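Here you go, one structure.
Per-chain residue numbering starts at 1, and chain names A, B, C and D are given in the order in which the chains are listed.
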Amino acid sequence: MPLLTRDAKGVYPISITPFHDDGAIDLAGMDRLVDFFLQCGVPGITVLGVLGEANKLSEEEGLGLLGHALRRVNGRAQVIAGAGHVGFDNLERFAGRAMEAGAAGLMIAPAPGLKTEEQVFAYFDALTRRIGEATPVALQDYPQHTGVFLSAGTLGALIERHPGIKVVKHEESSALRKISRLRAQEAEGRRGRVSILVGNSGIHLPQELHRGADGANTGVAFPEMLVEVCRRFSVGEAAAGEDLYDLFLPLVRHEQQPGIGLAIRKEIFRRRGLIASARVRAPGPALDADDHAELGLLLDRLDRKLRDAGEAGVIEAYPVAAE
Amino acid sequence: MPLLTRDAKGVYPISITPFHDDGAIDLAGMDRLVDFFLQCGVPGITVLGVLGEANKLSEEEGLGLLGHALRRVNGRAQVIAGAGHVGFDNLERFAGRAMEAGAAGLMIAPAPGLKTEEQVFAYFDALTRRIGEATPVALQDYPQHTGVFLSAGTLGALIERHPGIKVVKHEESSALRKISRLRAQEAEGRRGRVSILVGNSGIHLPQELHRGADGANTGVAFPEMLVEVCRRFSVGEAAAGEDLYDLFLPLVRHEQQPGIGLAIRKEIFRRRGLIASARVRAPGPALDADDHAELGLLLDRLDRKLRDAGEAGVIEAYPVAAE
Amino acid sequence: MPLLTRDAKGVYPISITPFHDDGAIDLAGMDRLVDFFLQCGVPGITVLGVLGEANKLSEEEGLGLLGHALRRVNGRAQVIAGAGHVGFDNLERFAGRAMEAGAAGLMIAPAPGLKTEEQVFAYFDALTRRIGEATPVALQDYPQHTGVFLSAGTLGALIERHPGIKVVKHEESSALRKISRLRAQEAEGRRGRVSILVGNSGIHLPQELHRGADGANTGVAFPEMLVEVCRRFSVGEAAAGEDLYDLFLPLVRHEQQPGIGLAIRKEIFRRRGLIASARVRAPGPALDADDHAELGLLLDRLDRKLRDAGEAGVIEAYPVAAE
Amino acid sequence: MPLLTRDAKGVYPISITPFHDDGAIDLAGMDRLVDFFLQCGVPGITVLGVLGEANKLSEEEGLGLLGHALRRVNGRAQVIAGAGHVGFDNLERFAGRAMEAGAAGLMIAPAPGLKTEEQVFAYFDALTRRIGEATPVALQDYPQHTGVFLSAGTLGALIERHPGIKVVKHEESSALRKISRLRAQEAEGRRGRVSILVGNSGIHLPQELHRGADGANTGVAFPEMLVEVCRRFSVGEAAAGEDLYDLFLPLVRHEQQPGIGLAIRKEIFRRRGLIASARVRAPGPALDADDHAELGLLLDRLDRKLRDAGEAGVIEAYPVAAE
């Protein structure tokens, strides 16, 4: 499979990591997830992200899961591996093993604790010397999580400086304008094009696509909707894309809750028949009876609205099972 | 007007503070806002909140605005005054003047910097000694802003301990369960009833009403929608309430952006003909051309959806002007 | 009195604000403090800083205290006024009144919430348009408090851009190297000289003076020691300066504790006979019996060490009263 | 070697992890460090702490280093293993392997992200079910690092609830009073005794010993000084203990700088001939020429002061080499 490039486009789901009720990784569930994502028509998948509970896996579990996913994908899509290691030695070793196994690139965020632009530049210079400019990077710009804020100018300078940065995973909240500014840098010829995929649950996806985003790189439990929304935008049917998106917005908003959102997503995947257990590794959230009932109501409403709008076909393959 | 009680119910809009382009407070705009809120049928209004840019007003400007609003309201609704003062001397003086002027209560948040429950309890004990238990308080539970997280248990203990706490303004994100737990405390007879009004832009309002919230205390630029959603829930038409809410959700989500959200709200109020200028006092956000176009699209979509759903009447009195 | 310049040198104590036990400002205590600072031979005093509990004073109290201090100083030293206002309207009004009253400059920190260098530059550009480049500014670089981290490069660019910035109040922790880098910018002719005065309780004062600091701008309760240490460094007796400093280091370290440090300092000033009450305005810290005993032990040890070292004369005028 | 108990007393150095210049772990250096600590007369050593750069080691490196240290110690002291794993599965596996290898206990901090006491209690309940109450825990109370603040009351309740908590590693800044309150809980019979060892570079060690601390658990590069200070306090010679401590305070203060402090400590150990390289794994701090000169001056001053005070013998075995 080709490596990640600056032309990346469309939806790259961030995969959850399915566990059995006893906490072991559910590889059969991972297979079903992979198959499902491919069936949605995605160009790639990200594993071992924050949503994938990467920091609760052992190093061997993480690499094992990556290898398993790569074998299941079998060249039909790109696989991006989240690389959240604190030390460069660990990161370099992981990067080597992941790329050797066939990953298309790494998702890397600036380390928490970087305080100034000078430190950010030094960090990426040093990191790049370790993993090499040839290793494609999806730069995760997620300051709510890392505490590291990058202006559009700084981000542009990093992109210019490091050809290895292929994708900006844009997920700073309240930062729609940043996409416009990144695109303006390109329109003004100040640097070459970069792919911009949005994260943050795609809570502003239509606005972000209007402003020049190339797609999404997020873990919403209805990736086929994201795919179809992006497709409509790409063929000039933005209004129809946003109409579809808005039908799902109540769910997207519900999933976007930090913390419990992960448990909600796992439960939706479970109800869709893709994974056997919604278990989150400890310490982590779990739904209670009220949460289940609330989610059930939201899913019923979605189902009804999709039917009313004649859009039920969008989630035809794996509808949500009635409880 | 009676003071705030634990039976507070419905929508208490958090008012913006309108400014002229030269930065002076626009009292005529404030009059129009007050009239509009009252026309929506709200039981009360909150002025001098964070959204009201209270921390950029001088003490005299703040008290002046409160007095002006009280005179315009003229007993037709309750007016809650935000009291964000750092020191107790300033807070006590403000509280005295605000209550004397006719406020129905004060909105008070735990001070940033409180680290432990012990400190939180000591803080409210000391604060209550200053302002007196007779002064009604809407306790703003907004940890994203203050950094002070209160468990349902702690919040319940505060409510029990201080009869002056009449309302919990619930706006912790990812905390729907907290409402259920506060209501469970009451169902189990562990303490008396408190009013729960939700903030955080009402981004989960239908879910929160299902879980027992009494209404909303937030600054969404379509308060008549909040009023109608709460009304439908209160008469057993929850599904119809949520249907209406969902039509506005794309806007609510757009307004909810921290920072620029305030500028978006002011611009909507301006387009609705209620205020003359969308100016935010410096330092503060302002919309650029892209932001204006984006907002225009969202408002057009709302308009079309309301008409399609036969709900256009909800914002009949002050529709959004075509640009 | 001349305005603050980039040649500022020596010790500018940050003054506490003395209160009576009933919480009112103790103007007679303020007079004694002013007289004491002048007797120490300082070129200036800062009032209304964080240590001065400025955020717990009303606007009128703050301006009143500034005016009182200016009259007592009566042209014998510079008075810098802390200006911690959130909004530019309030800041501009305060700045005008403070400078008109005779302040030599304002102490201003970047506003909490600034996330990127771009935002920092925009902030100071806008702020400067409000207060004017002619108003001298002591730029407080205190990221532990504001959350805004400035690299030496950014700080240098701000100094170059705004002639009004006369002093950098350096109090980032773990940032001794920043002083060396600021001085290197000057040695390399990249910009003109700026005054660097250190804060953060002077916990690294000798190291900072070695690296090029011009003095201190901090609230240590023994300013005469700071004056003498700086004097010795300035006449080439660095080792003797550091010897003296080290005798006080146990106290400096004790005072430096965030929160309770303010109460400790006030108590020391009280024991020195300068103020009548060690009261901190609520909410704020107070010493308990253990704290008093502990401080007593430390002061006794200091006393003994000063005598043993033949340095007792340094605090001759206002020794610490035996309890 | 017996397991950690609530009677732990004295100095448990937090060990650095020595690396060769190429980044590999320097096992011979580790041997010398172990021998040195034992020669200082310590009852135990902590490895794999934050100071030990545990988060930059692979899991195998960490367990390998622990095993190596245990073999070198060979039963002559206790070895505490830092356990900073995010997920309970990883933590449980590590705990099992570490205890099986002969560790005397684990150092565990509350996970960053815990927001309320309720969450803290739930966390330790769940964690204890995983590792078992029989596994001795040194509870690291380090809110500057974790963001989790525990009141003395909460800490006391945790100690009471979990017999496995043997040691409180006290390193909240500005929290001397917490030690007094923990001891008061015991004096009042509210719970059994716990060992309190102080961290935070021992920057307030004499005050903490006066208030009832049992010793220190920190990484100061002169552990023999800590040992001797604690010894003098324990035999009723507190003043002599504090006199010795104060001679080292300029160094302790210098080492305590977050970030660069680790590089300073490694350089001191290098100059003392214990490790071959002061290298910190990337990303991490390194000393520049100014830092080296500054440290040299401080060490020379220490040397002179120890000789003047007749205390040079304290660091006789491994003095600091002249550069």
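Here is the rule we go by: a contact is a pair of C-beta atoms (placed from the backbone, for glycine too) under 8 Å apart; a residue touches a chain by one contact, two chains touch by 3 or more.
Remember, predicted model here, so these are calculated numbers, not experimental data.
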Open item on the list: Keeping to the contact definition above, tell me which chains border both chain A and chain D.
Closed with: B, C
TODO: Would you kindly state whether over half or under half of the residue numbers at the chain C/chain D interface are used by both copies, giving same or different?
DONE: same
TODO: Compute the centre of every chain as the mean of its C-alpha atoms, then state which one is farthest from the centre of chain C.
DONE: A
Task: chain C-chain D separation of Cα centroids, rounded to whole Å - done: 34
TODO: Please compute the C-alpha centroid of chain B, do the same for chain D, then give the distance between them in whole Å.
DONE: 48
Open item on the list: By the touch rule stated above, which residues of chain B touch at least two different other chains?
Closed with: none
Open item on the list: Tell me the shape of the graph of touching chains, choosing from line, ring, star, complete and other.
Closed with: complete
Task: chain D-facing residues of chain C, complex - done: 173-174, 176-177, 180, 203-204, 207, 210-211, 239, 242, 246, 249-250, 253-254, 257-261, 288, 290-291, 294, 297-298, 301, 305
TODO: Within their complex, state which residues of chain B touch chain D.
DONE: 115-119, 143, 149-154
Task: Residue ranges of chain A in contact with chain D within the complex - done: 23, 53, 55-59, 86-90, 93, 111, 123, 126-127, 130, 281-283
